[in-house]
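Structure below; questions to follow.
Letters A, B, C and D mark the chains in the order given here, with residues in each chain numbered from 1 onward.
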Amino acid sequence: MRGFMREHIYPNEQRFMRECEEMRVKPGSEWTQPSIVVELMQVSKRLGLWNLWLPNDTAAIAGYKGAGLTNVQYAKLCEIMGTANHMEFAAQCCNCASPDTGNMETLARFANAEQKDKWLRPLLSGEIKSCFAMTEPNPIHGSSDATNISIDIKRDGSRYIINGKKWWITGAGAKECKIMILMGKTDASASPFTQQSMILVPMESPGITIVRPMMTIGDVEAPKGHMEIHFENVVVPIENILAGEGRGFEIAQGRLGPGRLHHACRLLGTAERALSTMCKRADSRIMFGKPLKDYDTIMQDIAKSRTDIDQARMLTQYAAHLLDTVGSKHARKELSMMKAVIPKMTQTICDRAMQMHGAMGLSQDTFLYTGFVWSRWLRFADGPDEVHWRTVARLEMKEQHSNELFRIPYYSHTSSDIHRKNPPSKL
Amino acid sequence: MRGFMREHIYPNEQRFMRECEEMRVKPGSEWTQPSIVVELMQVSKRLGLWNLWLPNDTAAIAGYKGAGLTNVQYAKLCEIMGTANHMEFAAQCCNCASPDTGNMETLARFANAEQKDKWLRPLLSGEIKSCFAMTEPNPIHGSSDATNISIDIKRDGSRYIINGKKWWITGAGAKECKIMILMGKTDASASPFTQQSMILVPMESPGITIVRPMMTIGDVEAPKGHMEIHFENVVVPIENILAGEGRGFEIAQGRLGPGRLHHACRLLGTAERALSTMCKRADSRIMFGKPLKDYDTIMQDIAKSRTDIDQARMLTQYAAHLLDTVGSKHARKELSMMKAVIPKMTQTICDRAMQMHGAMGLSQDTFLYTGFVWSRWLRFADGPDEVHWRTVARLEMKEQHSNELFRIPYYSHTSSDIHRKNPPSKL
Amino acid sequence: MRGFMREHIYPNEQRFMRECEEMRVKPGSEWTQPSIVVELMQVSKRLGLWNLWLPNDTAAIAGYKGAGLTNVQYAKLCEIMGTANHMEFAAQCCNCASPDTGNMETLARFANAEQKDKWLRPLLSGEIKSCFAMTEPNPIHGSSDATNISIDIKRDGSRYIINGKKWWITGAGAKECKIMILMGKTDASASPFTQQSMILVPMESPGITIVRPMMTIGDVEAPKGHMEIHFENVVVPIENILAGEGRGFEIAQGRLGPGRLHHACRLLGTAERALSTMCKRADSRIMFGKPLKDYDTIMQDIAKSRTDIDQARMLTQYAAHLLDTVGSKHARKELSMMKAVIPKMTQTICDRAMQMHGAMGLSQDTFLYTGFVWSRWLRFADGPDEVHWRTVARLEMKEQHSNELFRIPYYSHTSSDIHRKNPPSKL
Amino acid sequence: MRGFMREHIYPNEQRFMRECEEMRVKPGSEWTQPSIVVELMQVSKRLGLWNLWLPNDTAAIAGYKGAGLTNVQYAKLCEIMGTANHMEFAAQCCNCASPDTGNMETLARFANAEQKDKWLRPLLSGEIKSCFAMTEPNPIHGSSDATNISIDIKRDGSRYIINGKKWWITGAGAKECKIMILMGKTDASASPFTQQSMILVPMESPGITIVRPMMTIGDVEAPKGHMEIHFENVVVPIENILAGEGRGFEIAQGRLGPGRLHHACRLLGTAERALSTMCKRADSRIMFGKPLKDYDTIMQDIAKSRTDIDQARMLTQYAAHLLDTVGSKHARKELSMMKAVIPKMTQTICDRAMQMHGAMGLSQDTFLYTGFVWSRWLRFADGPDEVHWRTVARLEMKEQHSNELFRIPYYSHTSSDIHRKNPPSKL
């Protein structure tokens, strides 16, 4: 993977950026893959770097040769892929980018044979792309609380009819995107966690309107896009339901652990790249007659960034290890810690690196602005920081009840009679 | 006041510290005033720097010559007094220290003629000292929410009988402390804000036990002390009630505004002193071959401290101005901002200054540790930071409803049809 | 001004954003003014809100009716204009936007009658626009240290010949931009601060190539743009020199004070807008069953933002007051404090507001991303934070030498002989 | 070890604090061990928890049965011991406290047989205690740069004569302290790193004056004390030199790695204890009608503290692992990261816990103030934060030169000719 980055990714970063830029100013072309990505997809396939995310057991189910990597192993590769100037440039070339990996894993685990044949096979080969429709534009209730999801999936004989709105549908912009996994409500009268189902919705279905791309800090994130999509009487056959009615919440839970891990590891790569860029600048730039590296504010920024990254990496590796050994449910606390720590940290490190580069640090001449925007964005995606801190705190509170330190009483209020002896005369 | 500091306070700081220290290791002596304070009380009286806190109107009521300073003017003097090595050293010499100032103001405003004659007169002259008993040791409910105060003041014919516990009674340790203003519950069946009364309790009353001094970071804060006091059938005549039954909450509200202002301003003095100490160190100390002032981390600490202090001072002056012009109720937001900002800021500045001084910064060779402990302590006293942030936020939310920026709607979700034109072919 | 905002700016914000967006995807159109700006320029002229920045004395010189506002007064208007969704939308409509205001003031103060007639007159009337070329693309030396500026302005008989490169030339993209004030080196052998001159360079001069727009976090900032421009044997007549050879540094110094003030005040407006947006969200959004305003993290963000803004505004008003009364040189410390505080604060407040809005907070549905990007950008523009902290620290160190607190000695090391009495027996 | 804590330490904490307190107010008694420590020393010996710090190889040399624990293993025990209410209470009971452990290790590694027999043997058995004299009171030069150490050790025939001053000699106060390892200058003409020697100085030597205990935030830290000691013609036989003249710097280097690790791990214990205390408070305290655990600021403090501790522990375990496998020199970066991270983190966590407890959080009713003061103090001891950040940054800069990310060039300045096509008409 390091060789692939060195020979194929880093030297092509500027071409990648230029192609993206060119397509953006040429209307209609922005939603296609840059040609360099298409080229490098062939290279990575040839080198055996294709679909590395694919777990052993999933591969077996899908009848496809997976890499058979543990989460600990794949996490390291994610970090390496994340060192590209755009966090997902290398990942796209290796069919390891979101939301396709999450979607493919979901299909591998929950789809039936026909569904797999129709959608998983071409996704694994890279012929098509997919999107995942969860978040809804609701001015009052947030989708971080998944019980709020309310798009209507109504059974009507042998078909479902879908009505409602979704937004922030990442990947729905791409011309190659052919299939959407949609989470919606099939039974409003069921218990809160079984009202939801997941269903496969072909992108060409009549009644689907891509209203607009949502922008992240001014960028439409072409060619994937984060789309707002409206559904008006969209008809889907009942065999498109995934795993069965009412299992939406359960499927959603399962996909979040690995997805968060992959994003976190790619951001570690971003942070490492930003730190290297910082050191390069400190080494070469002269300000008021001395190199930046002779300023101790600069050096403290470097030292703190190194320390933050190293600590975050250990936390991430530990979460990956728990995923491998005790599973996603028992790794919840560590995954949430990781999710709350890494995007914020990466944003901070990119911000420091920008500041060290002067105005150039915001410009197209370094990769920093993409790292900055992506890390900022990932403080929401897959759950905002606040929701993850909440999870950590709740689990911690629970665990503390069996901690013996927790049970040591406060000292008794009237015990220290030493002082009773020498206060004021009136006693 | 500057002259007094220059000629009498700064040159005697070391004597003050030494006397405090000597008394602390000589049992029984720790609860008396250091002799330097007693001496300088005479000097400040002679120089007309005595009772400067006394407002014009209060003075008129009390038949005592007050300085007639506005809050804006007195705030400046508080800051100057606060530059002493111990935040209240100069204030004690000028009869301007807490809790006596707050108590005297309360008496001047709410006591009747007999009460004033008996207690206010000797307090104004410095013959006796006083304390204020509010906080209660309750493991469950905090006294920051004053409705939780529950000490029992039971009417029994022509007298009240008091039972219960108080702690953190600042000033109760001093031998000269003769009178306590106690807040307690006279009528548990009244509405939440009229259950409380304030009553004058002579310190010699039978049934009062000073259980122990509470320590702040290991210090008993002699000679004032923050005492825990138990009340067992303490009898007080009914004429000792202040202003009337049920007015405790109202009196408590009134005294907090100026008290917080005075503490805040003294802490500004502490912060200024810490900044000067920092600059002195930066100017004289050499580390790895160059003076500290050639390290930009050091210089940024200095610059940020200067900026924080200047901003906090303006906020404080503005709050004082509001107190002078629209009164304590309408200055609530600014007073809370000031209260939440200044102790934390001063703690941070002292912490920076300590760090610049190495281990010496924690020792008795600089004043920094007293500034550090006092500012830490004042993040609770008169209400913890969190309660003040809450007040600011609530008032802000309320005010925003009449702000026109608040009423500008979010942009409409489906308006931007530019992008509808060039997304994927399927549309 | 408030009326103008209410009636003309806020209701047209969405149209402004849409026009900018439409022009961006229509090649060739992006460097023209949005039609709404052109329309509102007429409105603001009619309402007498045109050229409000123009100081009295400058107006007299220019023979043009200025508003005659002090810096304190104009600062308040800047803040109001800054509450538009794009920091300079209202300012552009009032001919109060950078870099034109700085350029016009420079011309009013330093240009001769012919220069004024030719360039200042049409700038004042809004017929043309201008740019200011200072920063240079130098991999080693930064332009924050102005002595590093090295573009070559060589005298050749009755003309100058200019060669070199500049970048981050804000405003050079606009079709209406007709004149550039360029800072370059006329005499490399002079003393460091007299090597530089300013010269007027018409944008149509042969030899000027606009190489590319520099992007700030992915945005080309059309229609103004921050351009990179190359100069190849650009010929300018000698009468285009401003004020005389060698006075470049002096002119540059003068323009920075007010310019920084204007930007800072507009950012205060941005911060106020972000705070209002935050409160609106807290008021309307429900998360896990309770409104955001019932979360104390949210409320603390609101309280701290309010407090930071209020303190920063006071600092700014004070700096404006100093500019008015003692001039830019003696306001240096306060201007630098303000410059270091406000962009960082505004970035932080926008970041908090974004986080409160979830992914929508990064999108085109709120104004927050423009506030975030602009405040980030202004941590460099007109000098990076670090340079301003350095200025504050140096001035502070200097002033401390005449502060009496600075001269109080550390306590003497061997004075406290109390402890000598009771340490170990071996003594 | 957990059993020992549960049965012997936690239940005796209050007695420990009370004894310390009683001795402090009874002059002359403060420099003796509290009786509970003396008792528990016997218990820990019996339980085989004595001298656990003693490495295998050292034990072999000393002919004493060591625990033979790796640094990774001992680090875990240090953390457990650190959960006592006073960071070194349990450690003292197990003969595992500083500075004795460092001194014993130094003696085991560098002392000759006679020296070991005379001093190491009684130290290992707990009969005597020791101190380490390094820091000097120099108003200009700091001892963090060890080349500044200047106390004079002059050879005079078969003896050395020592003159000069030391301060912050931790442990020198204890009555049981019989031996000092002193670092001083034997040859001012040698190269900077060979001027220093270490020498064994019996505490009873004539010419030694314990001038005073240095205080840390008002505490003399009895019974160990941080003493200022003056040396006037103190005579020591030449056989007391350690390892040979000129090896002082080398010995000093060696002892710092493990010492820092032990302190860091004990502070992890302090932080864990503070977190438990925080959770207990959040669970039991009611504020404005709801338990603290229903406030999300409280919960975020808990979550962030848990996350910070877990990350810091992993960093510490990794540093310990490097010490075990590649040695102190190659673990320098990780040891410095750990040293810079942990005391600051622990101070912050104690500060949060204090704030959650209101004024009680500063008092003698919780252990928090000792944790707060010790962690503050350890931001200097064994090198201030700043020196460690400097080490990390320098090592990082060096390593980056062989990082391939470091070598990726900035994008070329003139490459993006897309934009050249559509800027202003004049091109």
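Operating definition for what follows: a contact is a pair of C-beta atoms (placed from the backbone, for glycine too) under 8 Å apart; a residue touches a chain by one contact, two chains touch by 3 or more.
Treat the numbers as computed from the prediction; the structure is a model and nothing was measured.
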Indicate whether more than half of the residue numbers at the chain A-chain B interface occur in both copies; give same if so and different if not. same
Compared with chain C, which chain's mean CA position is the farthest off? D
More Cb-Cb contact pairs, comparing B-C against B-D, go to B-C
On a C-alpha centroid basis, what's the spacing between chain B and chain D, in Å? 36
Could you grab the centroid distance between chain A and chain B? Build each centroid from C-alpha atoms only and quote it in angstrom. 48
So, in whole Å, the Cα centroid of chain B is separated from that of chain C by 40
Residues of chain C that touch two or more other chains: which are they? 25, 27, 139, 296-297, 300, 364, 386, 410, 413, 416, 422
Touching chain D in the complex, chain A uses residues 6, 10, 13-14, 17-18, 21-22, 25, 83, 272-273, 275-277, 279-280, 282-283, 293, 296, 299-300, 302-304, 306-307, 310-312, 314-315, 318, 334, 337, 340-341, 360, 364-366, 386, 389-390, 392-394, 396-397, 400, 403-406, 408, 410-413, 415-416, 418, 422
Residue ranges of chain B in contact with chain D within the complex: 25-27, 135, 139-142, 144-145, 168, 214-219, 226, 284-288, 297, 351, 354-355, 358-359, 361-364, 369-370, 372-373, 376-377, 379-381, 384-386
Can you list the residues on chain D that touch chain C in the complex? 27-28, 30-31, 137, 139, 167, 173-175, 177, 203-204, 209-213, 220, 225, 227-228, 295-297, 300, 410, 413-414, 416-417, 419-427
